[in-house]
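Step one of this worksheet: look at the structure below.
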């Protein structure tokens, strides 16, 4: 059977190393079997992936940014001590898209994140979701994703 | 006793037919007795109800849009197999209002959704809530509401 | 041992009196041992603390506004009948920052709220968090914070 980590590699990703929040909070908290994952911004090895949809970034680029934010959600679950194959269900993703006022395709951008989660975790990755446009994100990031995961 | 469905009719609504998400996620997930409902945009038979508060839509129109989004929240709970009369408690609504930067009456818009939920479900509908202005919503919708419901 | 109320006083705050929501919802709901706290805007004795980051308010002022919103989160938990010293864990804060499109320091503003919660509650206050920029907030408030608390 292909493990979730192997599927992640098929997307071209290795599990990112742990990164502590840049502020006075923690990456995850746990309540019973629910794991709350702090908002993860789009980020690669070079730093935050920045941009504003409908202004400096198109839907394809935005989808790639959402995929990176979703990768970090998986990384924080992993670094909380939960193997990806031990995730019971991704309950909810909230996908925040840094976007200009006239942009209307937040759902297409968000799919970049949703598709990675479902691609790596299969049915256990199928989540409820809200996606919408925000006025801005920390460090100018293009996308931020927060999650609630059943473990 | 008046059922919740009958009360919904008193507001002029029939239960909408099931509508699948336009993207790679699911309408609801369940964790124990909590049901997470994906963000539902304002929508009627003709399609999305669009607009931006403080720009192309006033508070009364916005309240009507919020009512429609709330109707879809109830519809998704129903189509998840939970009769409205079996809902134990609406725990939380998040009401996202597509609005111009100077708009400040998001709470009045959100009341359109809150009032429908409480009108149909009574005390079981009394929810915690956050309401705020977003830069934009999928398909230009005026309002999006997501929910957590105890079933 | 210093109580949480005493620590709050060290920050210069007394527990605010109960304030009912200005709309058709309730301040808190409870599901098992999770308490959902409605979005609390920045507010002092004179009323809402208003402003837009990157436009009419700087990061220090924004951090002070976030501290006030966090104070109101604690107040709503208290008025729901949960002594601050009985809080088991603050699971999640969502910090909404009223900000101009080019503002990028939402995390620094949010720290004003996070620091108060951790300062008053210690390890029990360490929370998952999402912070982002919104197009506007009810009554023009500078910051709104919602929370999920384990009690």
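Worth pointing out:
The chains carry the letters A, B and C, assigned in the order they are written, with residues numbered from 1 in each.
Here is the rule we use: contacts are C-beta pairs under 8 Å (C-beta built on N, C-alpha and C of every residue); 3 or more make two chains touch, one makes a residue touch a chain.
These numbers come from a predicted model, not from an experiment.
Taken as a graph of touching chains, this assembly is fully connected, with contact between every pair of chains. Shared residue numbers account for under half of those found at the interface formed by chain A and chain B, and the copies are therefore classed as meeting with different residues.
With each centre defined as the average position of its C-alpha atoms, the distance from chain A to chain B rounds to 25 Å. Within chain B, contacts with two or more other chains are made by residues 32, 94, 100-101, 134-135.
Chain B meets chain A in the complex at residues 21-29, 31-32, 36-39, 52, 94, 96, 100-101, 134-140, 144, 146. In the complex of the two chains, the chain B residues touching chain C come out as 32-34, 54, 89-94, 99-108, 110-111, 114-115, 118, 126-135, 148, 150.
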